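Chain nomenclature is as follows: A, B, C, D and E, assigned in order of appearance, with residue numbering initiated at 1 for each chain independently.
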Amino acid sequence: MFPFIFEWIWDPSHMVFMGGLWYALGIIGLGMTYCIVKAAVDTVQGKGGHDH
Amino acid sequence: MSTIEENTKDSVDAAVKEPGAPEKESEKIEPGLAQGSIIVSFVIGLAIALIIGWIVFPALLYSEKEQPFDFSHEVHNDLVDGCESCHYFRDDGTFAGVPKLWLCRDCHEEVQGGTADEETFVYEYVWNDREVPWRIYSKQPDCVFFSHAAHVVKAEMDCETCHGPIGESDSLKPYEENVITGYSRDIWGKSISGLNKKHIWESMKMDDCADCHKEAGMESSVQTKKDACFVCHK
Amino acid sequence: MKIDRRSFLSLGLGAAAGTALTPLPWKLTDDLSIWTQMWPWTPVPQDGETTYVNSACAICPGGCGITVRKVEDRAIKIEGMDGHPVNDGGICPLGLSGLQLLYGPRRIKSPMKKENGKWVKISWKEAIAVVSDQIDALRKNGEAQAIGCISGLRKGTTSQLLERFLLSLGSPNYMSIPSSYDAYELAVSRMHGRRMTAGIDAEESNFILSFGSGVIEGWWSPVRMIRAHSVWKEKKAKLVQMEARLSNTAAQADKWIPVNPGAEAALAMGIAAVIVKESLYDKAFVENYSRGFEEFRNMLLDAYSPDKAASITGVPSSVIESLARDFAGASRPVALYGRGNGSQPGTLFEAMAVHALNAIVGAVNRPGGVWAVEQTDDNDWPAIQMDEIAKKGLKSPRIDGLDPGSEKDPGSLVSRFSELAVSGEYPLKALFIAGANPCYSFPDSNAVKAAFEKIPFIVSFSSYMDETVEYASLVLPNHTYLERYEDVPAPRGMGKPVRGITRPVVSPLYNTRNTGDAVIELAGKIGGSVAESFPWGDYETCLQETFGEEWGTLEEEGFTSDSDFSPRSWEEAFKEDSGKFNFASAGFLDSVREIVPEGDDGSYPLILVPYDTLRLSGGYIGDPPFVIKTVEDTVLKKRDSFVEVNPETAGKIGVKNGGYATLSTPKGQVKVRVNHYDGIKPGVIAMPRGLGHGGTDEYLAEKGVNVNELIGPIPDPQSGFDGAWGIRAKLTRA
Amino acid sequence: MDSALIPNGVKRCSFWQFYLFIGAVGVVLLWGVLAMLLIWLKGLNQTNMNDAYGFALWIWADLAVIALGGGAFFTGFLKYIVGKDELKNIINYAVLIGFICYSSALLILAIDIGQPLRGWFIFWHANVHSMLTEVAFCLSCYFAVLTIEYIPLILENRQLDKVPFFHNLSHNMHEVMAVFAATGAFLSFFHQGSLGGVAGVLFGRPFAYREAFFIWPTTFFLFTWSAAACGPCFTIMLTRLIEKVTGKKLVKQNVIDLLAKIAGWMLLTYIIAKTIDTLYWANVTVPELGQTLAEFYSDNALYKMYFLFLEIGLFGFVPALILVTKKGRNNGFLLISAVILAVLGASLNRWVMVLQVMAVPVLPFESWNLYFPSWQEVATTILPVAYGVILVALSYRYLPVFPQEKALNPIDG
Amino acid sequence: MKKGHEHKNPKKYGMVIDLDKCTGCGACMVACMAENNVPFKKDESNKLDSITWLRVYKLTNNKPYPDTEICYLPRPCMHCEGSHGHSPCVSVCPATATDYSTETGIVSQIYTRCFGCRYCMAACPYHARYFNWWDPVWPTGMEQMLSPNVSPRMRGVVEKCSFCYHRYQLAMEKAYFEEREDLEEDEYQTACTEACPAGAIVFGDLNNKGHAVYKLKSDPRAFRLLERLGTNPKVYYLSSREWVRRQGDNYLEHEETGKARQKVHH
């Protein structure tokens, strides 16, 4: 699943598959990072809780 | 889920309306102080984990084992004609590996040099006709088929490429055994991260073999376009 | 700073983040999976130098050469020896599994004595002393003749040493276990007028009439015959198989003739009758080299006309006629005798009938036929020394009633052993067992066990814990054939002379001793003339002296052979005036011709026949784990044996395929499962030999039913051999 | 005792009543856990699987729960991508069911493999040509998405929501939920399809094999389609079940009606496609391989041909026709019957595509294989059900799963 | 330092089994077990849980007495080539534990890579793949006979016939040592081939005109199992009996044996 792994091949079928996979993982990862970071920033800024 | 605002409002209202709810205490903490302690705790946790992971874990993972006695490749190398004098090929092309007693016996029927290690060898092993239970640093697991002939004869590689300058060593390094797998540490390599490899002989994992095979243009596997599995596995 | 829930959580988060940045989780995951690849409880075979040792297989009398592959001092694989005259590289499943016998749990690891029903390990010195004391006592008591020996080793020096040992003690009761080969040899000897040994030049035959012989299922010399079968296929030779069941041989034959069980002899005679009637016989042979043909012809035409033969055999007369024409018309026909793997002797009449059939088409001493070769003594050992006790003992008759040394001597008889050993002219007081497992492999094995219980002193030389050892008082365990020197005589039916040798492929694993050495040592301990009869220091010396110059070749190659050998031509073979082939030899034309199976057909409407397969060893060594693994689930399922029943017969009884049934015969009753098999004659049920072992080997014991518990011997009035081929039986739904 | 955790404005049963129930289900769960441990410690010899039945009850359960858990992705797809906003009132529950189904599937897979400690090889050493690899990747990724979808619901618990960070996190996740849902839908289309591909690519097994449409066998599309059709049915079925158990109306009829209508049309189109596929397979693919349809069905009670008709007719067309008609949807009995039949249909389809594939002999001289699961297999298959019941119960008690509950069940006073 | 590996003459090892000669004795099964460290249990009568890389099937023509015929058919792994090495099992393995070598045409199985999902078993129509349901246990002493050339398998992985690939490895090792590149026909033979007392099994390079299998595979009696599926197996059978040849594949009633089109999978 990484380019340094034995089974990795730079060919179209792999690229399509791994492209899809990393695209999905990327979105999930970025999305969650965004949410967590923004939540942290919001919290520091005093948002949330009952002073909402 | 878009009903969150509504819900939140409800719950907040509820909390306000219910005095004496048990979780009041948490709200007493000053936000700044709380954040400070949170960051410090995080850093402490991080530091502890790093120490355990990089120092304690490797120390626990490998257990050092003594060889039966010390051996100098350097001394022997001067007396014989190259590695293959002792580490020879059998007639069927298989590699004999670490020599058996009969080969050493030619010279070591009696003590020659007088080191304590040689005495141990002669008295405990030669005279008792007992094979030396050497621990083999480069021993591959049972699933691996390694042909010395293919590498040394066919591919004309020299011993040092994979074994390093062992022939110049004056004594045996400690043998480190992975307590989980039972492997010699030389397979994974000294570096616990497995990253900073400078010489071929520093690790002997599948990927190390595969890199070289790929370089040599061996591509008989349908699945990986590298060398087929059965080339090195049995 | 206050350690509260949040900072604690934060500490944990930091630790988690930190851990992810160290090799710990990743290396641990990797190493744990490597651990599963190296589970300490999964063995890792040690590597080392590979060597090959040529030897011989001694599990069955097949006489194959083997090459054992070794890694350092471990034997890791048995293979057929390339270039060996018997098997040339091929090997049977049993032979391949020899190492499982060597290293297996069945081994007896030291001499043992039974004390209060329990085995106690003893030293060889003590063991030898115990035996010699017993023998001394019997001999002093004038009961030397009450010492017996049952040996599964038919020829070869070990059996000769054992026989010699008994004779030197003063007992005539050395009994080897006869097989169909002995019966055929006796038939050939009687018809040729001299002690003969018979070979079949099978590879050269092109029309093979097999009277139930499991040509590819272990008959006489299993691997050699399978190879011959392949030769037949290549050169399009015809094989016709005559038996009630579609055996593997029948399945591979060009024609399967389902014949009424037990009517094989009648079929042979019927075929001979057609040949005689239609003058298809080999006139050159019959007219010049035989006598008694007229009587033979008359008997045939009288008793075995096609219609009569058809009614006895159940084979249509047209089929008999066409078989006869094809057989007689073939350039190199041969007829084979001995049912299944040939372990059961059968009747002399049947053996003679088959041999007569060979003779009338001239298939004697010519390529592709039966080779009758004079028996020669194997050794020139010095004469046996006999003291007074021995001489006196030898005056007693044998317990099996045979007259040793006479022309009619079939060697030995064990068909009435269980009766005669305990209630014959004199009961046996001591019994040696070598290379045999009578308590398992003799028909009516329960009666055999009962007899064994009455014999006060039994010594077994077995290497393995088997049913018979359980009845012994003492075991002097032999090395396995992979740990000992021993000559392996030519296999049954091998036309050309071959001798093989087993050798210590590995050093003996346990405190065992070659039976040859044990006998020599025992003789020495007994002393006097007995000791003098064994002038060799040890067994290996005996072998070297016995084989003289041949020994060198045996040591080097693992076998000796004479590939150019051919039997005497008809002129040479029959040149002595009395030596003409005799169609009317004693006991043939006037003999009782059919053995009637035990049991009345009212209570037992069916007929049970045992069968042999190479996947089940019916002999004295039971299946090793690999071989029992190959047994099909229509033969053995968990602990249940299956019997083969024609669906029509099963339908009448009302037993479904795979259903349970009770099988009873006059000898016993067992629970079995039923395998609906189209390839068996209705009214006949078949069951394999080789299952139902006792003993302690969990890979073999308690699996299925021992068919020998259900059948019994019927002595052939002519020869005394066990002539039974089956028994009446009843099958009811359980 | 736990009133502080219970959402405001709703009524829940007493603490003791609730935990007695959890305890009872917990016993079943423990039974499953025991079986699971036995299997992990002693190996797969604890099952009745064999060399003919390499795939058996577990793989069926896997395929079935994933198909039925398909309600989550399809409802999400409808709400976030298609914009059927009413579905917000059932999506929490759909996500919860999806979460349970997918976590169960992963757990079963972890039990099912012979070497659980090497399970990560499927990712690390992935063979991208294998349908199972695709399944594993998409399944894990989509499970992550489901977790992400489930987390805000957890954070909405009255107490957790008071923590500012959690409140913000939940809020932010809601903001970007459409992106997650879209990713989830993308992943689901593929792994539902790959699960169909698992059987469809087996060109050594004519019973399973389907010819390829583009690069995927037709089962690829049929599986996605049937999951989209039957998953929402399962959601509706469980909604009705929880309503029955709690004795409350939790989701408004118009929401159910909308979901049922879409599911109905999906089911109808699916079953037509399935029929066409079956006809093509039976009349073209199979005869080309020298076999007839009849050879795939036996006298054995488990593998009779009427299962095919049952699947297409009673479990296919019947529920589809009920669900596409307004009358059918409005009749409570017909609606519940239809969704149950559809759920049975999906389960039967997965059963056939796993178990019967193993049972049908391919070599002419081999015979039918039969299999009956061991208690360990049954227990580990029931384990997720118990776990699901507990999770649903806990979620229902402590989280605002049904936004309409308060409105539909106003507390007196 | 390293010498390149020039790719020439790809080999395609295969087998021709003469069913007219096969006696069903079972020697091939045992030779295989002994050669390849195949484990055995106390009860092996459940054939669905009994590891026999090479299994001898008993075929019957299903006719009643006395027209019944039987024929034995040894079934090793077919080492299917499929199209371009995509055998039914190779492409489905999610962890690349099974692979096809274009150099030898052998389908490999790596036990230490396999994690036991059994998808390959579901894919194989020949039931040539076996799962280690149990830990292999050798009774005390019997582990002595284990061969170091084949690694024993652990519980929880799939195993199958490898065409005794280790013998190829050892033969090539010897060849390299003797500075040769090619093997003689007899240098690499499988254990079952060698053991078969009937000489019914012939093994060699199907691409090599000098090898016996090259000619035998075009024998008029030759057929392969389930050819129509497009598995493209490398094991050929010879039988002079029509009913046996017909049982080698599925045929519709009107179809003639051996005349069916093979499917090609891309």
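Here is the rule we go by: contacts are C-beta pairs under 8 Å (C-beta built on N, C-alpha and C of every residue); 3 or more make two chains touch, one makes a residue touch a chain.
This is a predicted model, so every value here is computed, not measured.
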Chain nearest the global centroid, as defined over all protein CA atoms shown: E
Pair joined by the larger number of C-beta contacts - B-E, D-E: D-E
Chain separated most widely from chain B, comparing mean CA positions: C
Reference chain D; chain at largest CA-centroid distance: C
Where chain A and chain E are represented by their mean Cα positions, the distance between them in whole Å: 46
Separation of mean Cα positions, chain D and chain A [Å, integer]: 26
Distance between chain centroids, defined by C-alpha means - chain A, chain C (Å): 74
Centroid spacing, where centroids are CA-atom means, of chain C and chain E in whole angstrom: 33
Touching two or more other chains - residues of chain D: 115, 118, 121, 125-127, 129, 162-163, 167, 171
Residue list for chain A, restricted to those that touch at least two other chains: 6-7, 46, 50, 52
Junction residues of chain C, two or more chains touched: 32, 35-37, 44-45
Chain D-touching residues of chain A, taken from the complex the two chains share: 1, 5-7, 13-14, 17-18, 20-21, 24-25, 27-28, 31-32, 34-36, 38-40, 42-43, 46-50, 52
Parts of chain A lying in touch with chain B, wherever the complex brings them together: 4, 6-7, 9, 11, 44, 46, 50, 52
Chain E residues touching chain D - in the complex, by the definition given at the top: 46, 48-50, 57, 59-60, 73, 86, 88-89, 91-97, 113-119, 121-127, 129-135, 154-158, 225-226, 228-231, 246-252, 255, 260-261, 263, 265
Interface residues, chain B side, partner chain C - complex: 26, 29, 34, 36-50, 52-54, 57-58, 61, 90, 92, 94, 96, 141-143, 178, 180-183, 192-194
Residue ranges of chain C touching chain D (in the complex, touch as defined): 29, 32-33, 35-36
